[in-house]
Amino acid sequence: MRYYEKNNSIKGDTEDIRQILVIGGGLGGIRTALDIAETGRNVTLIDKAQAIGGLMTQLDRTFPTNNCDLCTVAPTLSASGRELHIDIMPLTQLQSLEGEAGNFAAEIETAPRYIDIDRCTSCGVCAEKYPECVVFKPGLDPRAPTCMRYPQATPFAFAIDMDKCTDVDGLVNACPAMAIIPDDKPKTTTIQADSIVLAPGAELFDYSLLDNYGNGILKNVVSGMEYERIMSASGPTNGLLQRPSDGSQPKKVAWIQCVGSRDINRVDSPYCSSVCCMYALKEAIVTKERFQDDIEATIYYMDMRTFGKDYELYLNRAQNDYNVKLVASRPHSIEVAPGTDDLVLLYTTDEGNMEREEFDMVVLSTGFKIPADLIALAEKLGVELDQNNFAKTSTFDPVATSKNGIYVCGLFESPKDIPETITQASAAACRACEGVGRFVQQNTADELPMERDVRNEDAKIGVFICDCGENIGGVLDVEEIAKYAAGLPGVALAEVVGHGCSSESMERIESRITSEKLNRVVIGGCSPRTHEAKFQDTLRKAGINKHLVDMANLRDQNTWVHVNQPEAAAVKAKEQIRMSINNVVNARPLADFTLPVNKDVLVVGGGVSGMTSAISLADQGFKVFLLEIADKLGGIAAQVRRTIEGDDATAFVESLVKKTMGHENIQVLTRAVVVDHAGMPGMFNTGIQFGPRMQYRSIKHGATILATGALPNKPAEYLLGEHKAVTTQLDFDSVLEDAPESIKELDNFVMVQCVGSRTAENPNCSRVCCLSAIKNALNILDLNPEARVFILYRDIRTYGLYEDYYSEARKRGVIFARYNPETPPRVNASGDIIEVTYKDQIFGRELVIEADRLILSTGLIADDESTEDLARIFHLPRTGDGYFLEDHIKLRPLDLPVKGFFVAGTAHAPKNIGECVTQAQAAAGRAKTLLAKDSISLDGAVAKVNNNTCAACLICVRACPFNVPFINADGYSEIDPAKCHGCGTCASECPAKAIQLMRFEDDQILAELEALLEVIA
Amino acid sequence: MEKSNNTFEPVVVAFCCHYCAYTAADMAGSQRIAYPANVKIVRVPCSGKVDAIHLMKALEKGADGVYVAGCLEGDCHFNTGNIAASRKVTKVKILLDEIGIGSERIEMFLMSAGMGRRFAEVATEFTEKIRNLGPNPVKAAADKAVG
Amino acid sequence: MKTQSVLEKVLKSGNLAVTSECGPPRGTSAAAVREKAELLRGYCDGINVTDNQTAMVRMSSLAACILIRQMGLHSILQMTTRDKNRLALQSDILGAYAHEIDTVLCLSGDHPKFGDHPMASNVYDLDSVQLIQTVKQMRDDGKFQGGADIADPPKMFIGAAANPFADPFELRVARLAKKVNAGVDFIQTQCIYNVDKFEQWMEAVVKRGLHKEVYIMAGITPMKTAGMAHYMKKRVPGMDVPDEVVDRMASVPKEEMAEEGIKICIETIERLKKVEGVAGFHIMAIEWEEKVPEIVKRAGLYPRPEV
Amino acid sequence: MSLKKRLSKGEFVVLAEMNPPKGVDITRLLSSARLIKGRVDGVVIPDMDVGVMRMSALGGGVLMNQLGMEAVIHVYGRDRNSMAIQGDILAAHVLGIQNLIVTTGEDMANGDHPSAKVVDELDVVGLLSAVQSLEDGADLSGIALEGSPSLLTGCAIEAYKDDASLEKELELAAKKVEAGAEFIITPPVYDLKSFDSFYAKASALKVPIIPTVFLIKSVGVARYIARNEPWAGVSDDLIKRIRQAADRENECLKIAGELAAGLREKAQGVKIVTIGWETKLPVILDYAGM
Amino acid sequence: MITAERKPMEEIVECARNFSRVLLVGCNECVTVCAAGGRKEVGLLASALRMHFMKEGKNLEIIETTLERQCDPEYIDELADSVGQVDAVLSMACGCGVQEIARRYKDKHVFPMVNTKFMGASERQGVWAERCQGCGDCVLGITGGICPIARCSKRILNGPCGGSTGGKCEISPDVDCAWQLIWDRMKSLGQEDRYEEVMGARDWRTSRDGGPRRIIREDMAL
């Protein structure tokens, strides 16, 4: 990775270099930059902070997996560090922009860091001696425990705030690396960019503006983010839950939702911030998880908006498994209980009762706000903003701003959570690359040092022990482990490296390998699943084969699970280190294989998502095979007539179909069913049967996008299908378009939400139904202003900017009445009329409406049959309710767990047309990153036959699950490394022990056992 | 492991496939679900890679219990490796009975990547089972000979 | 006339021949042999003596044959190729003939697995067809199998078994033809319960004219109980007992079962008498020899012709 | 024994269908054929099936002959005029091909040459008469041949949706038989019971009936057929059976095998169609006990 | 190939009981292919034996090795060093291999670790079936490629006997009737007419009845 703070090397030779500028280094910006870089295009990523990472790096854990964020984000960040096409410019902001799409000139200014980034070793002396001088922002107490924004910061270097520094000389002299530059100056650069992606994020709402919630003066009132910091292991309290006023552990905590969101009375933020319900639930669950019955957690909410994929399950877990209390009310004020630091919430229930309740601590779920500097940035860029200052986009081109060549993703587009940000980031990357030529790929191998041949050397093992902050260091005495390791045979050095995955540590390990001539490395740290590739790169950069490293999983499989038995953990850690050492001593260097990539793409599903992905790929010259099981393209969107924004969905779908059918790079195969599949990323082979005669065809392709969609739900409830006055929102859509006159004749319309969703059979929220209900309600009122429209709901989930439509509907007299799922509305046919009875929460009694039309919000269900079949054929996992399960629900929402497979649209989860378009572009973008390479590198960890001992018995030939081995002309078993999947079944079946699986050779496994058991036996 | 005279701490070796069981073990970690430190994990790409000889060697070297943990049936990342592993475990069980070590010291378990809790449960239950069985007779005899 | 065998004479005369069978004891009692044989005196033209039947050790077939012959009765020597190689088989034939035993039945024998010596080696130097060939060569060419001349060759009337019911059914006639080719003189068939199927077989035999080349004696075994019927149906290889026979046995009270079995027997014989190509009956009343006279009488086969 | 002899003796014949390659690499065709050599009585070679251009059936048929397997090649009038067809039939005979199936050429709209010119000079009955005429020693112009070919010629019944369309197909088939068809290939059979009722009607044609077993490869395909061709006889139970199987692919092969075995009791032969999965034919034959 | 099966552990243990150092030798030919005595089985057996004796407090030292073939003297010679270090040799080869070791190392105890079973073919992975008895005078050409000697329980050359039921042998429904197979095959080859030819009594001298057999190739023998 290169940082351009001092001398921007891009300057000077800018003429020929075409590149893309990404503004904002949060998660969205990082994902965008990575995707662009992976397609072989150059990208400059600027961020105003001193390290990239954005908001997510401050979180304690993320929902719904409750994983530690740092662990999941760190590999992404370091991946960006590894990418040669990315220039990261921290402390940098855009000054002005000239030119147009394809030829922008952006003037950027980098603020002084006052530290030479190349010299800083991040030793922390400056922060220790002159804490006030060191820049550090995140939550509550800016000084503790380290001034890094997070332990694996990229770049891993401090920054100085000279204004706050009184003893500059002292500071300069204190730095052992002599890295302080007291007269550092801002630098201005102009970079040429073909396109620009905006990923600047947003700010969290400043709750001190609210006098009813204590103006920020009440100590025990904190924001959600501050609460995250308190709970975070790397936060100011080292992860101890202490309330700010007295450091005591609270026993009763309340969360108040919609602080700075859905509010036009006190603050001008009418929109919903989309994520607060989930993060409040997460904080409550994590709190309950840690303290169980010692703490009480209550959430005060307006509507519980758990509309994302599987989020409803999370809500259920919070209530059922963790006993989190939910109260449907927005407290109007917080007061201090006299004589204490405790707090009193005052609120009104749905029934109209005034209540008060005391708490030790109150967490305000603050929403997002676009800060003034972003409004200014938009102005500089000439990008239009909406009334809430979010960047304006259109329904069917959701990541394009009003200005050609400038794209947007993440919070700046609208409030959204991490997976949606990632999705938009990939979509924006995809769009931004259009028309920007690829650069000839540099041969990275040339830049790496020659691999040292270590086969004949005696083992010189370097053992590096991570403390991973408290994660490992809190349980194990890492110094002692290192000392122990140092005494083991073959070990040349053993030392503690803090966060081993931080760039500082990686560089240290690299230099130790070179300086000490190490030939094997053991990392005592976290899981090889997530981090092995990183350390393998480090070895390779240090000039030794990447397979000569082994990781002892001291964290996930030791300290995290044996926290209560530190002694046993210590013994086990030593065993783990011994095992790793023995493994790596027996490891041998392996060469990787490269194979050409087939650049064709298979897209399964010809709805909006499938067509959008196909067109996006085809436009860039990839050949696309688009399979559709029906006899024509269109999918479920063909039934939607108009979006909530009023856009003509029918025309959009028709235009897509036309474009798809006419595209020279797209071959559409209708009535097509996938029947078999083999191969690997870059060289898949899928058999399909298609057409009226079910002819068979085998398609070779390098990547696969699944866009098989979902189905409209039609549960047999509320007289649906039995009475002609009862219809679904989807069908009613057509009535509004085709027979508007009929609406004028009718008086009462009743809509029931969550029909067939959020139930035992289909536990998830269908996401789209609240929007369709409000859309249709508004359309009814447009056609017949006299009509009375009732919407019976559980929670209205008009997330993000859709909240406007909800407000409008209320303003225009749509009657919203909440019902309890225990006592759902009842219906009774009475001639042409449906009598709808429901229990009104405000009046506290049952009301009857004589409905001329009963419109059910039935939402979507997974196309269980097709996803099940495809999941079997492609070996993909699914969620409990039948949607495809992505590789990582937060950080890899588009990639499926089988490499080379991507998901788009409602096959992933319910979503509206615009969201489908975004995801489809994103999936296309992800596919492009894979296909950008001309060859794929295959791991050397494959099975190898020893001819001398092979008895040609055929056992491997028969046992291989992939039919790879064969007896060659010489009479020995032969295994094509390009086809071998590396499972090792042949090796373990071979009766002559003639097959070894490289990287997992018998010697290595037996040596591990030896290491574990030698002391015991 | 240090042995005190009155408490027996079994040594359990768990061969875990990378894609499911090893991931489940990591999952148990990130969910902080405790299980006995007696369980030592050896990572293999697929449970099908586990050779009968690995299982035998572990016991010969003194492990008190050994298990192989692979993916759920039908879920194997490599199609059928877990089934192959089950067959091998059965074979070794028979051999162990033949030489009087006892087939119950070795077992096959199936779990998916997401089953952190199941990983911990299996680890705990198997460790308890081995604890009740007492030390591996091979090791016990060797100890006696030395002591 | 090829031999002096009474059986041959009866068959040649065009009369329906009758043979029966007795199993030697699992001990040394000559009296037991004589007792059984005595029951049959006058009711049959030859008494088969089984050779370690069902692979259970019994008194040797040859010895029992001699005992019976000494009673003035005509014994038929059953020989299986399971237990003896060609030397032993040929020498037994010489010995038998020396004791005026002039009829032999060539069999392959049940597999030892079924008997009381499942661990025994089975010889099978020859199979039944090859034994037929061997005996014929001894008789007609006066030569041993090895080629040497025999002084006073044994003039044996050569029989073999046929199972019209075993699989593959289409081969059953062909295999009979094979035995005819090898030189067999008469055939005793497997017990017949499925008369339809037997008739079908016989029809094919007649069609090929084999009944003109070999005398075919239909095998008859009376059933004592329903249990036996059931056992034969399920357990005895190559046995074809139709359901209606089993049901018929089961339909009568226990004490009448024996009589019912004999009735079936007699009805079968009556029916078979009308079948073209049937030259006689081989009545195997296993461990129930005392019933043979009754069956012979009631089937109208008594008295036996003088030849 | 030749196919003709077997059929004339009333013996059950097993046919397998194999498409020639789209290209000249015949490795896969040959290796698939070798797998079932000695296990089938004939290999049916379609001629540019479903309008997809491939190596011609004649070429594929000759390759089968070289392997020592009996070929049955498709002939129809979509792509060739009466001259070309007659010439090919003479060539086929000379090259050792003994069997033909005269079919209806399929619509090219779904193929890979949708704009190719359709000839259709001879229809099925016309073609059958042409074959008959050649066998009798004269071409369609009545000119005597120097040596006449001798071929076993069959025809096919197209898929029918209901009794009415079946009646029509049967009438047509009667004409085909009259014109010289010596056996009849039926549309795919997915259900033995419904085959019985079909067979009851079709046996009136007095020529051997050879039903088609079409390998359903996945539950998706089964569902697809059930949905789009409800008359074909793919039942919910069948779909359920595949879906519940631990190894779905194997279950599909088993189902095809069982169907073939079941048809052994009912018809004069079976034609197994695996389109694309020819390497799995041995497994199907194993399940069929053939 | 020659097939074999490991002997019961009990018997193996008794062979090794009286020794403290043994050589365990596998063979990389037939017994490897039938998974009875290759490198892998050597490793497993060695481990099992060691464990068994350790349990009894005895330390059995085992040298493990596997020869390319145990039925050739040159390969057997390779063992000289290791044989010198041990009290007994445990062979996992077929009977041929065991005898060759015994012949070469006259002063050492040699024990077979496998039971040599038959010459067979693998029907599928893990299943081997007898196909040949090495009778020395092959009749497969006239029996449709199916051997009545190896595959008929009674070795009948003019079968089937009367015990054939549903295509299965009288001894077990799991055993195919060889003559049914022969007949089916003859039929499919159109050779039904040949069935009725009587196959005469055989000359068993070509089989083991003629005493231990040898093949001498004058053109090759040095």
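Letters A, B, C, D and E mark the chains as written, and numbering starts fresh at 1 in each.
FYI, contacts are C-beta pairs under 8 Å (C-beta built on N, C-alpha and C of every residue); 3 or more make two chains touch, one makes a residue touch a chain.
What you are looking at is a predicted structure, and each value in this text was computed from that prediction instead of being measured.
Undergrad: Given the touch definition stated above, what is the smallest step count connecting chain B to chain E?
TA: Minimum step count, chain B to chain E: 1.
Undergrad: Please give the intersection of the contact partners of chain B with those of chain C.
TA: Chains touching both chain B and chain C: E.
Undergrad: Of the chains shown, whose Cα centre falls closest to the middle of all protein Cα atoms?
TA: Centroid comparison flags B as closest.
Undergrad: Measuring centre to centre with C-alpha atoms, which chain is farthest from chain E?
TA: A
Undergrad: Taking mean CA positions as centres, which chain lies farthest from chain B?
TA: C
Undergrad: Is the C-beta contact count larger for C-E or for A-B?
TA: By number of C-beta pairs in contact, A-B is the larger.
Undergrad: Please report how many Å separate the Cα centroid of chain C from that of chain E, as a whole number.
TA: Inter-chain centre distance comes to 40 Å.
Undergrad: I'd like the Å distance between the centres of chain A and chain B, where a centre is the mean of that chain's Cα atoms.
TA: 35
Undergrad: Rounded to a whole Å, what is the gap between the Cα centroids of chain A and chain C?
TA: It comes to 88 Å between the two C-alpha centres.
Undergrad: So the centre of each chain is just the mean of its C-alpha atoms; given that, what is the distance between chain A and chain E in Å?
TA: From the centre of chain A to the centre of chain E is 61 Å.
Undergrad: Using the touch definition from the top, which residues of chain B touch two or more other chains?
TA: Each of 51-53, 57, 142 in chain B touches at least two other chains.
Undergrad: Using the touch definition from the top, which residues of chain E touch two or more other chains?
TA: In chain E, residues 40, 43 touch at least two other chains, as defined above.
Undergrad: Per the contact definition, I'd like the list of chain E residues that touch chain C in the complex.
TA: Checking each residue of chain E against chain C gives 153-167, 170-171, 177, 179-180, 183-184, 192, 195-201, 204.
Undergrad: Once bound in the complex, which stretches of chain B touch chain A?
TA: Residue positions touching the partner: 1-2, 11, 13, 18, 22-23, 25-26, 28-38, 40-46, 48-54, 57-58, 61-63, 75-81, 84, 88, 120, 139, 142.
Undergrad: Quick check on the complex: what are the chain B residues that touch chain E?
TA: Residues in contact with chain E: 51-53, 56-57, 59-60, 95, 98-101, 137-138, 141-142, 144-145.
Undergrad: List the residues on chain E that touch chain B in their complex, please.
TA: 8-10, 13, 40, 43-44, 47-52, 54-57
Undergrad: Mind listing the chain A positions that touch chain B in their complex?
TA: Those residues of chain A that touch chain B are 65-68, 71, 527-529, 553, 555-558, 560-565, 568-569, 571-572, 575-576, 579, 875, 877, 941, 959, 961-962, 981-985, 987-989, 997, 1000, 1002, 1005-1006, 1008-1010, 1012-1017.
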